[in-house]
Structures are given as C-alpha cells and as structure tokens.
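Let me begin by presenting the structure, written as structure tokens, before commenting on it.
First chain written, first letter: the chains are A, B, C, D, E and F, and each begins at residue 1.
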Amino acid sequence: MKVLTFGEMMLRLKPLGNNRIIQSDVLEATYGGAEANVAVSLALLGNDAAYLTKLPGNLLGETALSALRKYGVDTSKILRGGSRLGIYFFEKGASVRSSNVVYDRAGSAFAEAARNEFQWEELLKGVDYFYFSGITPAISAELEQVVTDACIYCKAHNIPVVCDMNYRGKMWKPEKAQMVMSKLMNYVSICIANDEDFEATLGIKAFDGDMSRGIEQKDSFKAGMLAVAEKYPGCKTVASVLRNIHSVEESQWMGLLLKDGEFYETTRYNLHVMEGVAAGDAFGAGLMHGLLHGFGAQENIDFAIAASVLKLTVSGDLNLVQESEIRSVMKKGGGASMSR
Amino acid sequence: MKVLTFGEMMLRLKPLGNNRIIQSDVLEATYGGAEANVAVSLALLGNDAAYLTKLPGNLLGETALSALRKYGVDTSKILRGGSRLGIYFFEKGASVRSSNVVYDRAGSAFAEAARNEFQWEELLKGVDYFYFSGITPAISAELEQVVTDACIYCKAHNIPVVCDMNYRGKMWKPEKAQMVMSKLMNYVSICIANDEDFEATLGIKAFDGDMSRGIEQKDSFKAGMLAVAEKYPGCKTVASVLRNIHSVEESQWMGLLLKDGEFYETTRYNLHVMEGVAAGDAFGAGLMHGLLHGFGAQENIDFAIAASVLKLTVSGDLNLVQESEIRSVMKKGGGASMSR
Amino acid sequence: MKVLTFGEMMLRLKPLGNNRIIQSDVLEATYGGAEANVAVSLALLGNDAAYLTKLPGNLLGETALSALRKYGVDTSKILRGGSRLGIYFFEKGASVRSSNVVYDRAGSAFAEAARNEFQWEELLKGVDYFYFSGITPAISAELEQVVTDACIYCKAHNIPVVCDMNYRGKMWKPEKAQMVMSKLMNYVSICIANDEDFEATLGIKAFDGDMSRGIEQKDSFKAGMLAVAEKYPGCKTVASVLRNIHSVEESQWMGLLLKDGEFYETTRYNLHVMEGVAAGDAFGAGLMHGLLHGFGAQENIDFAIAASVLKLTVSGDLNLVQESEIRSVMKKGGGASMSR
Amino acid sequence: MKVLTFGEMMLRLKPLGNNRIIQSDVLEATYGGAEANVAVSLALLGNDAAYLTKLPGNLLGETALSALRKYGVDTSKILRGGSRLGIYFFEKGASVRSSNVVYDRAGSAFAEAARNEFQWEELLKGVDYFYFSGITPAISAELEQVVTDACIYCKAHNIPVVCDMNYRGKMWKPEKAQMVMSKLMNYVSICIANDEDFEATLGIKAFDGDMSRGIEQKDSFKAGMLAVAEKYPGCKTVASVLRNIHSVEESQWMGLLLKDGEFYETTRYNLHVMEGVAAGDAFGAGLMHGLLHGFGAQENIDFAIAASVLKLTVSGDLNLVQESEIRSVMKKGGGASMSR
Amino acid sequence: MKVLTFGEMMLRLKPLGNNRIIQSDVLEATYGGAEANVAVSLALLGNDAAYLTKLPGNLLGETALSALRKYGVDTSKILRGGSRLGIYFFEKGASVRSSNVVYDRAGSAFAEAARNEFQWEELLKGVDYFYFSGITPAISAELEQVVTDACIYCKAHNIPVVCDMNYRGKMWKPEKAQMVMSKLMNYVSICIANDEDFEATLGIKAFDGDMSRGIEQKDSFKAGMLAVAEKYPGCKTVASVLRNIHSVEESQWMGLLLKDGEFYETTRYNLHVMEGVAAGDAFGAGLMHGLLHGFGAQENIDFAIAASVLKLTVSGDLNLVQESEIRSVMKKGGGASMSR
Amino acid sequence: MKVLTFGEMMLRLKPLGNNRIIQSDVLEATYGGAEANVAVSLALLGNDAAYLTKLPGNLLGETALSALRKYGVDTSKILRGGSRLGIYFFEKGASVRSSNVVYDRAGSAFAEAARNEFQWEELLKGVDYFYFSGITPAISAELEQVVTDACIYCKAHNIPVVCDMNYRGKMWKPEKAQMVMSKLMNYVSICIANDEDFEATLGIKAFDGDMSRGIEQKDSFKAGMLAVAEKYPGCKTVASVLRNIHSVEESQWMGLLLKDGEFYETTRYNLHVMEGVAAGDAFGAGLMHGLLHGFGAQENIDFAIAASVLKLTVSGDLNLVQESEIRSVMKKGGGASMSR
C-alpha cells in the first residue's frame, strides 16, 4: 500500500529552547511541512510513503530532500527547480507567552510551481492513498487548481483522498478558504478537522474558539462532524482532536472519530508539552497508518491520538517515534517507566 | 516623556539550562541590573528611556553598553572609567532546588564612583521621571549620598521619583536598609514594595515570609501598603506583586496597586516559570509605562503584572517582549494559542 | 569513617535536552554508574569515600577516573587494564514518552575482570562500610563470585555491608537475580529495595507494578520490608523510596525506613523532574551519610529522601549538591526562595 | 561630520565553523550588508554614522535594527514595512574548497521599496558624506532610480558621494552593471574598485581575473585607476585592494590609493584568513574614517588596509575592532604580541 | 551501473574542534566507515550505490542506517541484528600533536556476523562493481571467509572487484595481513594502495615510512605499483596517493595511477587540512566514479585526487561535496574565489 | 619526590573560537594560573604535585579546586576563605589581530591573603622542590613577603627553589619587578626567563623586543643567561624559550638551557598555534619533570620544549598531554601520523 502526500516543505528556523529571535545568535535549522511530516511518520512506521513537492535546485533544496530521505520517504517524485525554499521562523513560547510563527514563504519554488509540471497520471501510478492539507490550495490559485486536478484523477481511479483541513489564518481568510475547500471536499473520503477548521474552512459551527475548553465542547464537535459527513456524502470518515490548552506547557488532548455514522472516542491525556508544532500531522499520519493496516475504528483513533500526543514530546516538525512507543502510550498512558 | 533610571549594571554568568557551575564548561554571558532592566523594557515599549551608571573603560564596559544600545536605551549619560564591571553568577534551580546567586560585585566601577562625578543638574535635564531601586544606595555610602542628591534635585524640580525597594539581604541588613531608605522615601512619589521589602526596608510588617502563600496574605499586604502611604505622605502610589511560589517552576502571581487611597487588584496567573529573575523590574517598567501614557489605575496594574509574568518566560535579565504580547496576556491569560 | 563502593562505571552518552538519538549530532558525555554515583555523593558531602572498579588503560578509562577525582573520590584502589569502557545511551523522555536506555556494556574491562584481581584483604583495609548494588553481581558469574568474596571478608571482619537491590531487567531475569541475591543477602546489614526490587530480586511481593500509585501501596511496602528483615535476620535496616510517577516530569516521592523493627516515614514531595536517573543512588548515599554521622533514624531517612529528590534536579549521573542544599529541602520543601 | 550609508541589510545564516549546510542542525544568525557594515565600522570608530534601508515590520526587521543599534549606528532614518528580510546563506570554505554564498534576497522589503518612500531632502539633512555600493542599484530598477535621486541631490548640495563598485555576478551582468554605474559615476567623488569591479562595472581592463596574482598586476591596477579618474573627472580619489589569494586561508593583501593624481601604496600583509567576507566594506569604512578625520593620503590608505585585513580575523559581517587595534596593525603588522 | 560496497559502519565520537576527550562534555556523533564512506560519495555524485553491512536492531543501528539513507545510498541489502554498533573515538590533533583514534569495535554486530548470513547470489544481483577494503577481512576470520566468498562469486560472474588495501596496524599485523590479502588480491581488478599498505599488506617495499616525504619517493611508489600489477596479473589498475605531511594542518598531496602498464600523475596540491580522516575513501570513490562513467585514465586520477583533497576540508567521515566542486578544484586548484 | 607550586588560580572566560567578547553570548569557563598549570602538568606526568593558593569559600572556589583535583593535583594544602576568585577574560586573536587579556583579579581571595595564613614549616613538610613565578610577588606587597618567607625556609632546609620570571606588564613596572625579583633570585636554584623577562625583571639586556626574531638573537640570549648565573651564583640552571612569532598562528620555537656553565639547545619547531597561552608553564613543568626524574641536561631541555610546543595545540590553560605524546614530538617532530 503506497501513500502519496502533497504539499510544501520549508526550512524552519528556531531559536534554541524558548529563546526569542532578538536574543539569538544561532537558530536551529530543521525541515518540515504538514504533508512532509505525514510522509515521514508513515515511512518511520514502515509504510511505503512518497512525498510530492517542488524544491529549488540549490543547497537548501538538496538539504530538504536529504532530510526526507534520511527517514525513508520515497523522494523520487519530487520536482526540482524554481527560486527559493520557503522558510518559517518559530519562537517557542513558554507559560503565558504564546508560540510565534513568522512566515517567509512567498516566492518559494512550490508557491510558484505551474499546473503543467504535475503529471498526475504518472505521479499517482501505484498510489493507494492521496493525502493533502488545506495549506496546499491556500498557497496559490495555481496550486488550488493542481490539487483539484489530483482530486479529479483520484476520484476517477478510486484512489481515496485524505484531507487535513489545516486552516491557516495568515494564509487566507475564511471566505476564501470555504469557497475553495467546499469544492475540494467533494473528492475527499477521509477528512481531519480540528478546532477552528470547522468554521473557517467548512463554514460549520462546532467550536467556540476557546482553546482552554475544547474537550468540554465534545458534543458540539460531534454535531459538526456529523454535519461534515452529511454535507459531503463521499466523506464517510471524519476525525478530530479535542484540546483543553491551559498554557504553552499544560494541556489535555483526546481524539474523536466519526466512521460510517458511528463515533469513537479515545481516553484523555494530560500532557506537559515540549513543542506544540505538527501534532496534527502526527495525528493524520497515525490515522493513515491505521487505514493502511486495516485497524478497527477504535484502534485507529486510539493509535492516531497516541501518535499525536507523542509528537508533543519531540523537537522539530517530524514525529520521530516508533510504533512500539505509540503502542506503549496507548497501553499505559506513557512516561512513567524507564526500561533498563 | 523621558525617564532616567539609575543603578548598577553587571555581567551575568549562568550555566546552560539548569546546570550547576561545577559541571559547566561554558557560561551564558548576558548583561543586566535592576534599573538597566527597567530602562530596556521602557525602550522596547517605545518610550524615551535613559540609563545612568558608571561602566569601566574596558571591553566588558563596552559590551555592557552595547547591550543597552541594542534595545534602544539612551546611553549618552553613562559615565566611563574605574576598574571593573560587577559580575553575578546565577545558577537556575529546578523543582525543589532553589536558584542561586553568587555576587562578585565588590570594587566595580559603579561601586567606586564618587559623588562629584554625578552632575544632577545636567543629568536630569529634560527628565520627566527618575527611577532607582533600593540596590543602588545599598552599594556604598557614597552612592547613598549620590541618590540623595538626585532625590533632592528631583523634589526641587518636580520630577517624580519612583523607587523599587528591592531589598537584597546579601548587600545590607534590615537596620541599615531601613535607616537609609526611610530618609529616601521622603522624596519618593511612587513606591514598589514586594514580600520582604516591607519589613526589611520599611520596617512595616506585611508579609510573614512564607513565599508559598503570599496571595493568601493579601489583606496584610494591603495594610502594609496603606501604612507606607501614611508614613510617607508624598508617596501616593504603592504597588506590589503577591506570589504563591510552590517550586522553581510553579507559582501564582497577582498585582496590587494602591493609588490615592484606592486599591486595584489584578487577576491571578498560574505560571510555569522558565526563569525567575528580574520579573520585579519588568513589573516596575510596566507600571512606569502606564504612568508615562496616562493609563487608568486598573489598566496600569493589569499592564504591570502582565509584563511581569511575561518576564518569567524570557531568559536573561531583560524583558524582551512587545506591548502587543503584554496586551495579549492581559486579554486572554496567554499561552494557549499560536497564530500562523 | 571510610566507605568503599564497588561496581561498574560507564560512559553515558545522551542527546541534548529531550532530543532523540536519531536527530542528534552531538551527545553529552558524562560518566557514572550506581556505586560510583554513591561514592561521589559521599565525597561531596565531605566523607572519605573510595571507589573500586576496573577501568581500561585508554583515554576513556583515564577520563572516567578524572571524573571521580574531580569530586574528591579516593581512586587509588581502582584497577586498570582490560579492553573497553562500558557505555550506556540515554534518551531523556518527556511527558508521555518514556526515557530510554540502550546498554552497550558487554565486554567492558570490569565485566571481564577476574576474581584473582581483587585482593580484598588489601582493598578493604581501613574500610568501615562496604557498598555494592545488585547490578554488580548481575554483570558476570565471575563478579558474582568476587562480590561474594568481599561479603565473606566483610562478615569476618565486622565491616557492615550495604546493598541497593537495583534490579535491572535488561541484565538478568528474576529467577537468576533471586538465586544470586538471596545468597548475598545473608551478608547484608543495610538493604535498599525499591518498587520491583522486592519481587524481582527478593521474591517478596510488595508492589503491584503500577508506578503511578506506589505511595498508595505504602502498607504493602511495609509488609515487604518486614518480610526482608525476617528472612535475613542480619539485615536490620531496610530503606525504600515510594513513588507516584504520572509522567516523565510529574511525580510524588517519599521515603520509608525500617530500622530495628520500627518504621520511619518522610514527608511527601511534589516534584517537577528534570532528569529521573540515579535518584536511587542519591538516596543510598544520603542514607550512608546518615549512618556515617550517626543520624537518628528519622533524620536519616529525611536526609536520604531530600538528597534523592534533589538529584531529580541535576543533569548527569552525579548528585552535585551540597549538604546545605539537602538541609534546605528538608526544612522548607525547597525551590521557593532565591537568596541574593 | 555625519555619514549616511544606503543599501540592503540581510540576515546571514551560516553553518558553524567550516561545516556544510547539509550537515548542519544549527546556523549562526547574524545581520549585515555592505553599507550596513560600513556604518557599523564608522560608528565603532567613534563617528556619527547613519544607515538607511528599509526593514520589514516583523521580528526579523526588529532584530536587524537592534544589531545596528548595538554598535551605535543612527537608525532613525530607516524605513519600516514591506514583506520580508533578505537572507543569504554562507558556507565558509576551507583550503581548496571555496566559500559559497546562496542568495535568498528576492522580494525583500528593500528590494520592493518605492522611489517615493525616499525623501532625500530630509534624509540627507546634516549629512556630510553619502556612501553606497554597486549592490544597491543592482537590486531593482526602482532602487537604481532612488540612488540616482540621492546622487543628484548630493551633487546639488555639495555632499561628496562615495561608492564601492562591489560587483556581484549573481545579481547582474557586466553590460547592465556598466550601463547603470557609468551614469552614477558622474556623481561620485571617491570610488573604490577591486579586482573584477574594473572591468565588470566600469568596463576598464585592470585585472586578468587570476586571484592568486593580483599584487603582481599592480601596474595594471594603477593604469585602471588612472583610467577611472580620467573617465570621471569628478572622481579624484580611487582606492583599491590588491590580493594574492592562494587558498581560503592563505593570502597577501595590500592597498593602493590614487589621490589627486598621486599614488600611495601600503605594505603587503601575509594573512591567515578566518573569514573572507566583508573585508572590502571594512576597507571602505577605513577609508571613510580617514576622510572624516583629515588623514593624509598615505595614512588614509594605510589605515584602510589595516582595517580591512583585521576584518579577515573577525567572524560575521561586521568589523568589530577598535581604532587602537587598527593602529597596532599599522605599526607592527600585528598578531605577534599579547599584552598582559 | 550499480556498485556494492561492503564493510563495517561505526559510530564516530569526537570532541568539538581540536579538544581532547578528557576536557569534553559533549562529543560529536557521526557515522561512517571506509566502505560506507565510498558508498555515500558515489551516491552524492549521482551513482547507484548500495552498501552492505550488518547493523544492530537498536536505536544506534537505526541511526547509522538513516545517515546512509540521508545521502541517497541504497540500504536495502543491509542486515539487521546482533549486539552492538562498533564505535571509534577520534581526537583531532593540531600542529605537532597527532590525531588519535581509540577503537571500540570489538563485539559489533558486523564483527560477529556469520558466513551464512551473506547470500552473495542475491546480494550481488545487478551489481556492476564490488568494493571492499582491507579493513573488512581484518575484522574476523569469518568475515575473511565472507569476503572470499564474495570475490569468488564476482570472479565467476565477471563483476570487477575493487579493493583499497587500507592497512590498520591496530587490527592486524603485517604477516597476517599479507597472508590474507595476498589470497584476496587474486580476485581484485582495481587496487588502491597507499604508504604503508604496500609493505604491510602486500609485502612490497615502496615507501620508507617517512610521511613527510612521500612525494619525494614517487619512483619507489611506481616500482611498487608495477610490482603489484606483476604479482597479481588480474589487477591491471593500481592507484595511490602520495603525501608529504608536515603537520596536522600542512601537507602536499598528489595522485598516481598505473593503468594497463602506463603511469598517470596529477598535479600536486598544497593543503591546509581541516580533518585528515577518510580522504582515502574519498579517493577510492572518485576513482570508482570515473570507472562508472568511463573517464580516461588521466581524468580519472585527476578527479580522484581532487575528490580526496576536498575531503580534507569537510568534517566527519563523509565527503559531502558535489561533482561541480570537484571539477572546480581540478580546474583552478580551488579555494581562491567566492561566487556571489 | 614532591613538588609544591604556589600562586594564584583564576577563572578564565573566553569567547568561543576566535570570537570577540562583544559578539559573545557564551563564554568558555576554565580555570588556571601559571603555578596551577605547572602542578597539573606534573600530576598528569605522574608526579606528586601539590598546589598552594587561597580560594574563596564559594561555588567558584569549589569549582576551581575540583578542576585541580580532576587532574590529580594534591589540593590538601589550599587555603579557603576571602572574597572572590580572580578572573581573566581572554580573546584569542587571529592572524594579525593579537590575543587580548583583560584582568579582573583585584580583590581576590589570594590577593588579599595575609602573611600569617602561610605556615611554611607545615606547608613545605616533605616537599622536594618549591616552584613559583614572578606573578605571585607582583600581586601584593604581602604576597611578596610571603614568597620571601617561603624562600628563606627553603634555603634553610635545602629545598631547591624554581622560579619562572613571568613578567606581567599589566601588574607591575620593571623598576618594581627588578627590585623585588633581584632579592628573591638569591634563593632561586633554577630560573626560567623568556623574552622580556631578562630586562624587565632582571635588568639584563638579552632580547631587543622584536618577537618575530627571537631565535635570531640566540647569542644575545645566551649572554643574558650567563649574566643571570653570574649575578646569582646560587642559580646554576637557567632555561629559556626562544621564539620567532610571525602571527597568532605561525611561529618557530626552540629551547635553550644553561646548566653548570654549559649550553644545551633543542631543535627548532615550526608551529601552527591553536592557542598561545600557558606554553611557558608547560615548559616549566617539562623542565621540572626532568629534574624530578634525573634526566640529562639535553634530554631535560628537549623534553621541556616538546611539552611547551604541545601546549600550543591544547585549548585552556592546562597542558592536557601524556608523556608518550611529548616523547613522540621529541622523536618525530610530531603531527604527521595517526595511529589506527
């Protein structure tokens, strides 16, 4: 079973620890991006995962590529060329100081990629699942069209399309997002929607915006998920992460899955968060892994949320954990023991 | 509106993370000092802030100066000369292990500065507020006299004097502190007193010394603040931070302001502390910022405490935050969201 | 009063912070091992502490030796020769991700040491206490014999033997451990047993394996400790640490001492753990320190647990704290104040 | 005497030491740019130096600004706004491996600045010298026009214009460069041209392109410099650095000055280069310093080349040296002694 | 064209810069080994390069594997299992202090691999060149047999065998080396022999052991190379690097190739060495690259030596350079220019 | 044979690599001082070396002490108490930029030590050699007296006194140095004098001050050494290092020994210097080691200079090398080979 994920990969520059950029002489340089993160997770879990993007032909593009190869992702489909690698600067917050992202992604090789560079017939040959997130069509009108092309091809060839809504308020406004995503949702079989995604990208009210009490709004989330399945009949699976976030470090997380009309809930995790980035991608990858291996619905969402909360303990965009560790969290809630 | 702060700046040497000095091959080198920290905060918030101290003519003095300039402080009044830059070593504790300060400040250029080097008429030209802390007169008898000179000049020229009591038990004993500060308080318009400051420097019993239940003693603090205003009729504003400190990381903080006979209280923050140094200076600067911009009393203390708790998330003596971040903490309590 | 501790010292290699090995270009290199850690603690507390092991004649052996000397341990008895220094890789976990140890200790100079290299008459000359842990006999059959030789010598010469059970599931199985340790226990005067040690090494059921509720099982622990004293009449002192571990960072700890038929309990500490390694060795050293200085039973266990929880705030295997810091934790519970 | 320098400031990202980007988890983050470097040098030498550029309103722009302020540059004229801060990646080579620059400067706030943002009458008020390099007009047609505006204003108000040719082959081709620069040279009083600058930007053949024997071509350089002075009669001063570069580390440097028809040569320095970036800017600043202080021609070029070779020993774009150090190199050739 | 290289991969632990182990709290952790280095070089140059070894099933084995994957090596043939990953500690010397290697490779998964784990028929399917070095048979008698098996298979199937003698005095003595290698040489088509290799592994006197004048002994090297070709008629190509090493940093290098009876010499490079490890592997890979692409003999040896001297500028075992950089060194001798 | 060395130990703070203090966020923290360095070298070479100083009772004093213990120095005689540990800041230069030392040693525990704290009868019990440098009496009048007391005691008890002149122009002027040292020289048996020491501390003209041609002045040095022996008849051994220093990195070094009227010269080393600090102390220790082990005069000076030039390859004040490495340099000149 082969998965192809499609999106933008960026250089991430982050001060050490919780430092601020203005006090930093060195920046950690890692590479990631929603769909790349999913591909890496899947590869680390032993799956055949390919990633599609466009990377510049310079040293930065080469280094981004090597970061994927390191973890076993199939990079053979990646396009090369164009001008620059997108960048995002990331200040990890602490306590009451929120984390901070400064995008520097305009003009990237991917953002400027043209529709005719993507030969979907060839790119999707042998692919069993196609995965993208709402970030990709938000990048450019051309990429919106490219994603649409891919979705049409997938539908015609019975390749299930998985989409993580991933609303980014710094990239587009709700009206635009809804207009674009409501079209694309017609091709989506499995949909991941969190928090503000419901309203901002799907126009469905499910969450009141108070991050400190997402779990308390479970019923509202369920209603929202049902609304998604109703509005887009091809989308029989909707998954979501519910969170109570009290500060940068302290939060509770749980997963919710709607599959073929039934809801499945996970246990609720109390977490001390090391880094709150890309946990949604880890969730998506965990969900995909279950789909690829035929997990039952309950195991599937349990696995996905355990993968997701483990990401909160790993620095960088990539969820560098093994299946045994995810299983251990599923079983024991994790963290208490040390084998030696 | 121009503020002049006056005190000693030091090199701070700190092991990485929570390491101890005995296991450290490298030390972080940053620069700070109570009044310098206030000046930097004010400059970062867009105010016209000048800082007065004496720095040695060597590379260390130059570097300390450049650290102030970097953040926009007016350093034109700083005296140069003398022998050395004071140093303090700082071990950040963890959990039940307290943080640890080793002073190495004797014989510094500032500590050995002479009264006649400070021409207050010129130094205070165009200054709207004069700020110092109880550390400055604790350094030397000469500096006690210098501060007195400044206060007299300010009184004569209607420049309000702001004083943070800042009692330092390693620098002087309560008897001495009280003797000196009770004289200086006659010139002070706005006074900041925390925890042990009340008793040690003002001889007023307000806090029983149990850092784990400062907030529970709010009434006692209020009584103490009223006593200050009564004893020193020129001091119509008294501000204080109340804290319940459970460990190096866990604490609750709130602010209290007495202004013209009325009390103003802030919300209470639950904090995961990254570094517990210089939050008092951040509070003082927040208070000053409100004074400079004519904030109402409630907004003033809300702003000050939000600035103060943000400092607990920033490494180094300086409160490297922007006004928008302080406002965000005031509004939401902070930490939960990440804009991207 | 002189203590001799006996065991293996290893190079510990650990990624920075909570990083994983696969993402690490640099590893922290420190040196430790259960009995070496005890010796360092004792030396730092001002005791005459000697350590016995065998270190290779190469640069790694020399560096391990220098790490002990740095903290004042008497290294004059250490044997040199053999092939390599044992290594362990340590990934510090976070939140729900457990910490992880990868042993690479096979074939070490100590593991291959021969019985006739240890001349106990000479090695134990002037020694007042002999300390080893269950790790040492687990390393090789030869070392099991060597430890037995030492115990026999100690018994014959009235040198009290202290043993920390220290069960390591990656080194031997319960059956083997019980077989070996039950023989050695006949020579032991003071025994430290935690958690799984009771069952795995002594065959006594005292703890149900749920690390999140050790303290709740206090009565069961007490029964286990009494069973130890009953089974091994020479062992009049049994000490234990009880823990509720909720995640890598959050736990509660308390100490329990059985001495001459009486139980002594400590207060219960709420901890934010920086590094959960070698706290048991710190506990053992704290206990020994009390024995060497004739502390009463209550003070002895209070001191031991305070030393142990302080270790949770120090990076590396060694408990780099001073007696005054242990006393401060005993008195105030620690962490709240900063003297300056 | 006030100098205004005008150009682009960038974030520079560089692997540690001589590492390559593909093997780097961290990058040094510093800030610089030809004209910013000149302003910093001048400020560090005690001059009144202002810098003009446009920086984005985000954290990166703020940090770039603070880097200038740190060293005393007047940043009050800097425009804020626009999208991003330009970046350049820098791999320091070693031995036979050349250093490597990857530009990522397209779309920067400065590159997209508009002509009408620059009110030269106000910007040049009180300015005694205007400094720019050939990089600035190479960035955009708009900036070419902006520089022309400035030059016209300067000529009309007798403000001498200093220009460092600074040809950048990755930014424009010789034909374009010559077309633009030949117009601008009509306004230039003092011109710095090195190596390929002569031919690429001025169309004058002076150097055969062999970097290993620049000094051997001194006569040809002199002819080129005379040709410049002849072609642009307003340009009475032409300065140049001659180099024999044998490898990344080993080179010889000397300076050459043509002033009012006379040539002045410096001694020849044998250098072990630590970092070969921005030495030309240090030379320009050294030359400017002499102009500002009325040095004689020989002292002027001696000072400039000493400043320049000192830059080869400092990491980062900025020449962090003091006048006394430049003087020491002028006197002794430097490096041999250590005062203590 | 596919190459398979076969040998041991190790974790390399090195203090930062030129530090010594005894003063190092952190060690750089990289991964390499003669034949792995060759595979990485070939992959980076765009070739289809597979690597065969056995790696343990633990985190260290996984990390070693990911290091190969990162640079595009085909790792699909690598065996997993066994106990540990071999390690070598490396102190980089300076000036008159020699670099220092401490092996800790005994008992590694590869060293303990058994003959029947290597199914050469499958492993060599589709392979066009087989590459190993003298280190592999030096590891164990079993591996000597395994290499022999591979060579026999290659001979039978016309797969050319390339062997770098790579004598390691810490692994075996000349008598043993000669006994083993003289048998294996009967299968070798292309042989690389440097310095002491001639005498220690082939019993041919070509070099007098004085590393400071290897180039001066060119005639003697040539005689030795001819002797090799004569003694082993199947070996028609012999390549060698000649060096004058004056100190850790300063040396001259040149290459020598004997092909079908003709000698080809390269230019002589003056080098400032950053790290003197694995330049021989870079040479071997450069040679292989030429063979794979049908370079003429002169271009082949020119390319190989340029690749080799570039390795002296890169930290770590892997020669992280691109073909364009090798070409640039071949053309210009390198180092002098910086393109920007 | 036991040696006691006597002097001041300091914390040394140094930017990473060749960075400047003004650009440094972290400083390397190591510990050293002329006589401490000698003691460490002697201990590392296997000698019984004790060190006498006074260290403050704080964490810094404790850490300095542990640095000595780490390398096996007998620290039992060290006095504790007083205020602070002296500090020196060290900027390592590069090429033409000289290295730079900023002293911050005033008011140190040692500088303020009183005569009556030093009970020489007890301190010198069992000591076979007493070693101090000219730095010690330069610190204070009290210490001048203390050194005199020690010398008188040594003379009375036939303990040879070794003195390294070690002139420090930042600590005293030649007149003062000569006045003090000429008295002390009457007690000295073995004297080390380098470069400016001859004139500044002994009033003997031997070196013209040009560090780039010290070796060329060998005859003049010899005359100076003879003059020393003549002036101070008790001083039968005079040793000196001659240097041609061309830049921070490049120099030539050789040793010269006058013993009982005969001169002994070493070979001349060409060096690439990593750090030019404390090579004189390494020389002194090398000389002492020969005395302790009865080396012949030629071997003695050969060993001393080899130890000294090795120090130029080690970072920090301490010469962390082994006897075998010194022997290797003596034999081969070093640096060319790597054993593996």
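One rule holds for everything that comes next: a residue touches a chain if its C-beta (ideal position, glycine included) is under 8 Å from a C-beta of that chain, and two chains touch if they have at least 3 such contacts.
Predicted model only: the values in this text are computed from it and were never measured.
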B-C or B-D - the one linked by more C-beta pairs in contact: B-C
Listed chain pair C-E, B-F or D-F that repeats interface A-C [over half of contact pairs the same by residue number]: D-F
Mean-CA-position distance for subunit D and subunit C (Å): 62
Centre-to-centre distance between subunit D and subunit A (centres being mean Cα positions), rounded to whole Å: 45
Shared-contact residues (touching 2 or more other chains) in subunit C: 17, 20, 22-23, 25, 66, 100
Subunit B to subunit A touching residues, read off their complex: 17, 269-274, 309-310, 312-316, 318, 320-321, 325, 328-329, 333-340
Residues on subunit B engaged by subunit F in the complex (per definition of touch): 13, 16, 20-22, 24-30, 58-60, 62-63, 66, 83-85, 87, 89, 91, 100, 102, 104, 106-107
Residue ranges of subunit A touching subunit B (in the complex, touch as defined): 17-20, 22-23, 88, 93-101, 103, 168-170, 211-212, 245-250, 276
Partner subunit F, residues of subunit C touching it in the complex: 66-67, 69-72
